[in-house]
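Heads up, the next two complexes both have chain A, just with different partners, chain B and then chain C.
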Partner chain A sequence: MLNIIVCIKQVPMVSELPWDSKTGTLKRELAEGMMDPASRRALEAALQIKENQGAHICAVTMGPAMAQEILHQAKALGADVGVLLTDKRMAGADTFLTSHILARFIQREYENFDLVLCGSQTSDSETAQVGPQLAEELNIPAIGYVSQIRAKENSVEAQRHVDDFFEILNMDLPGLITIDLSAYKPRYLALEGVEKAFENPDIRIIDAKKLGLDDSFNALKDSPTRIIDVFSPTTQNENRVLKGAVKKVVDQLFDEYGKVIGSAMGKDLKTHEHDEV
Partner chain B sequence: MKSSKDIWVFGDYRNYFQNRVTLQILARAVDLATSTGGKVCAIVFGHNVNEYVAEYIAHGAQKVYVMDDPRLLLYSLETYSKLLTRLAKKYQPETILVGATRFGQEMAPRVAKQLKTGLTADCIDLEINEKGLLIQIAPSFGGNLIAKIITPVQRPQMATVRPGTFQELPHDYNASGKTMIEPLPDDLPEDRIRLITSEHRPSKKQKIEDADIVICGGRGMGSKGKFKKLFDLADLMNAEVGATRPVVYSEWISHHALVGQAGKNIKPKILMSFGISGAIQHTAALTDADFIIAINKNPNAIMMKMADVAIVADANQACLGIIKALKEKIRD
Partner chain C sequence: MDFNPCMKHQLIRKTVREFVESEIKPHVALMDKESRFPWEIIEKMKPLNFFGLQVPRIYGGADLDTISYAITIEELSRVSAALGLCVTVHNSVGIFPILKFGTPEQKKRFVPEMAKGDSIGAFCLTEANAGSDAGGVETNAVETQDAFILNGTKIFVTNGGVCGTILVFAISEGKDKRNHASVFIVEKDRPGFSVGEIEDLCGMRANPVSSLFFEDCKVPKTNLLGRMGQGMKIGLTALDTGRIGIAAQALGIAQAAFESSVSYAKERQQFNKPLSKFQTIQNYLADMATKIDASRLLVYRAAACKDKGKAFSAEASMAKLYCSSTAMEVTGLAVQIHGGYGYSKEYDVERYFRDAKVTQIYEGTSEVQKMVIARAILSKPS
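For the complex of A and B:
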């Protein structure tokens, strides 16, 4: 039976948020966390392996206490164990340290793991770095952007389409795979399932000390990269602003720019005969 | 050991001639090197790679480190990342830049980990500050902000850059560069991944990337049904339809239409943008659009500020209005 670890992350729901089309605003009250869509697919891949040939699935996340929610969800879906790595000193970790912390956990608690599954990239930072860096630190091979896995005795066969190449690869275990966003469409979780999972949460919580990280460990300070400035992209384009009734602005648009538009279309547009407003 | 001032660019030629990211990054490296003083170097692994070496020299590389061996014929993540790590330890470059192809995106993090250094993904710009540090400029915090990131202590400084971010230099037939042949180490460990089949399946070039007119729709279109009207407009204008990420996630249109960092770069003569706020991940892909017409009910949306013509209106009504006007105006 395969010993599978799935790394999942909680991300803000902002960009995919239910949204009020009347006011054009986000329904912020619903801006809670959700399971990163790619992580969700990694979990789906693990669940399918479990169904087909049996597996033990540990879902692990590093994040704030609130991230427990996605572990409940993972357990409701079929993960056997949920583990939260959480500590003030882990906050602010870049990918170098996120992968270090995840690796630490796996080395200490799941020494005889077979397969680590990650999403290819998260929806909030999309670095696509945590998977490869975790593999590097665990000194195991990794295949990214995989769309199909077939697990065998001591190896897995993975299929992917990357950089214009369709490939089938065979990888020794233990190994790591990141699941592409186009694959393993996640299953639906009935509400009662979630509720049940919340009744008996049973999530393991591990802090920096329990992970054996140095007393001086501080992710924010120790990350090799540092943000020195944050700004919003301002573009002060000298532009033409048209406003008013739709009919009026559309007429104005073609009056003033009909030539430009027509030439890009490769068509000659009739010039406008002015309407009475 | 003190690091050199050299800037390295990983030579990713697997899809050359279509994929020109290495040439694009070389161009920016040439720029950066004028203020740091180091040399611009390309790194080429493979077998019978002279053609690429020459190409990189003609596009700005002053030095090319080459490992040429039949065992390097296939792009192998494990081997290539080990070799790049070893070379970097030996020659101590100040900076390593990697094109964000899928291969580059998998390799760069592994190299950064082995070298115990930082890595910034998908930079939209690179600069050198007064202290000579590489400023890695990348979108952050979900899209409306851009961060300047540095790697203050560890070396090399590392970043990946998506194809299309920089402009390549013209081919210089007179350029000369030094080629450094590096031996393949004889203790290369056995690859733990075996390629069973590999088939070149070039993705069809999406028409949107070459279209003269692109019509992009965002969440402001309101619903899948209303979004469909953009196709009618596109038919009339002989245009292609693009979309933002929330639209693609809501399945109003397939993900092939995604315009932005995670999707396609476009370079139309005219871009019409309907109900799009203008997050940096989206607008990063629009820098080559000649003329932008934005329609948004919020006059302060970034997309409206970027546009040449900003129409303050309801996106659906404007779409219908433009369709109507065009039908009258197109001569038969």
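For the complex of A and C:
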């Protein structure tokens, strides 16, 4: 039976993102949380392996106390254990320290793991760095952007879509895989699952001390990444309204924008100008 | 006292919302337009426990608490009030009375199939001459040596066109020569049972509300629910639970109309500024939000009373009375804010407006709710 660790993250719900229009930043304290879509797919991949050949699934996340919600959700979906890594000293970690903390947890608590699954990238920061960095910290091989996993006894066969072809790779275990957003459509959660998850609501909570991090460890200060600016992209399109009789407007449209429209259509409109239909 | 929903209830809301937003929302307008019951969506709802919300696990249900049940109906109705209606009626007045008053044998016989969603429940009390006055029921049950023979016509039966297990209210003459009401469980394939024409109603058009006919419909004695003459008690108990569901349904409709109004008020420009900049519109939105919040607290209080095993009849009636009038007011204002577009089928608020009205009528009219509330007040020693 495979020992699988799935790294999941709570991200702000896309449909309810409260943006501060003046500063262009996200008001995180107002945002409803949800399980990041790519990590939910990583969990789905683990659940399918569990259903097909049996596995023990540990879902782990790092975040504030409210992130427990996605651990309950993971348990409701079928994860065996939920672990929350939380500490004021771990808040503000960049991807580098996040990978470091996750690796510490795995090394201390799940030494005999076979497979680590992550989403390819999270919907809130899109760096795609934590998975590969975590593999590096654990000194294990990794495959990114995987869409299909076939687990064997001591290895996995992973398929991914690259440009216009599929690539199939074999990897010895232990190893790490990040799951692509296009794969493993997550199942809906049955209401019975939610009720059951809260009947046995045990979530393991682990702080910096339990992870053996130095007393001086402070993620916010120690993170090498510095965010210089966060802003919403703005479009610079100029809108023009052509007014007047239809024929005049159409002529004007083609005179002024014929080239642009023609190139978008892949036609030289001038040569078609007098075609009779 | 904590007014914040706990993590479980938040997760229930998100779980239901995720499903209804992706699997139901894209089809709702057409379902309403074509008055079509969406069996293909029902198939997707079955494995997620929508049809066995509070049914114990031994019978295949999700065993939810009543607040979770109310949240489920609210979220479902926020997208499709017609499906919210189907699910709440099935669970509250379809299954619940069997769980509460049924024999162990009846529970085993009927509940698992209903909890799976393979047999949709209906509850029929209303007749041409009996509505708020349940004493006017004319459908009768005659006891023979081995069975009951039912004769009568029920009208406005929610889920009527798609039901598999029907709870029928009928009267029969007792030993005291007076009429007593009892409830009988009828399976749809019993000879003598038939479904009438689907009603052409103002709202809830995706729910096949219909008449049901019982013509010398013979049911075995094992299909009597509870005891002979216990009908009124079963009916009132079922309706108390049903009212929490209808209150939650009205709340969902109001919430949907409110959300549409907020986004429309921000988008729509008149006199070179968005509607949301006008104080009149702001007042409308403030009234809507306040009433919706008050409604929600009333629903959750009634649900919490039921979960604690306390009497909840008056609380359920207050929730149903207030939520349904909120739904009517809020959807009316939503149409007003949308102006001409709100009166058009192009916008969802037109449907919310039509769907809201019946929440003041079925499962006991607003006037009946006031009777229940007043009775509770006046029965207390002063």
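Here, the second predicted complex is superposed on the first by the 206 of 277 C-alpha atoms of A that agree within 3 Å, B and C clash if a C-alpha of one lies under 4 Å from a C-alpha of the other, contacts with A are read in each partner's own complex, and residues count from 1 in each chain.
As a working rule, contacts are C-beta pairs under 8 Å (C-beta built on N, C-alpha and C of every residue); 3 or more make two chains touch, one makes a residue touch a chain.
If you're wondering where the values come from, they're calculated on a predicted model, not measured in any experiment.
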| item | value |
| --- | --- |
| Which of chain B and chain C A:231 touches, first, second, both or neither | first |
| Partner chain in contact with A:76 - chain B first, chain C second, else both or neither | second |
| Contacts of A:94 with chain B and chain C, given as first, second, both or neither | first |
| Chain B versus chain C, judged by how many residues of chain A each one touches | B |
| Those residues of chain A which chain B touches in one complex and chain C touches in the other | 15 |
| Residues of chain A defined as touching chain C within the complex | 15, 32, 34, 68-69, 72-73, 76, 188-192, 194-195, 198 |
| Residues of chain C touching chain A in the complex | 7-8, 10-12, 14-16, 18-19, 21, 23, 44, 47-50, 53, 57, 61-65, 68, 72 |
| Contact footprint of chain B on chain A as seen in their complex | 12, 14-16, 19, 21, 24, 37, 94-96, 99, 124-129, 131-133, 135-137, 140-145, 157, 161-172, 175, 182, 223-237, 239-243, 246-247, 249-251, 253-254, 256-258, 260-261, 263-270, 272 |
| Chain A-touching residues of chain B, taken from the complex the two chains share | 14-15, 18-19, 77-78, 81, 101-103, 105-110, 112-114, 116-122, 135-136, 140-154, 191-203, 212-213, 219-220, 222-223, 237-239, 245-246, 249-250, 255, 261-262, 268-270, 280, 283, 291, 293, 297-299, 302, 304-314, 317-318, 321-322, 324-326, 328-331 |
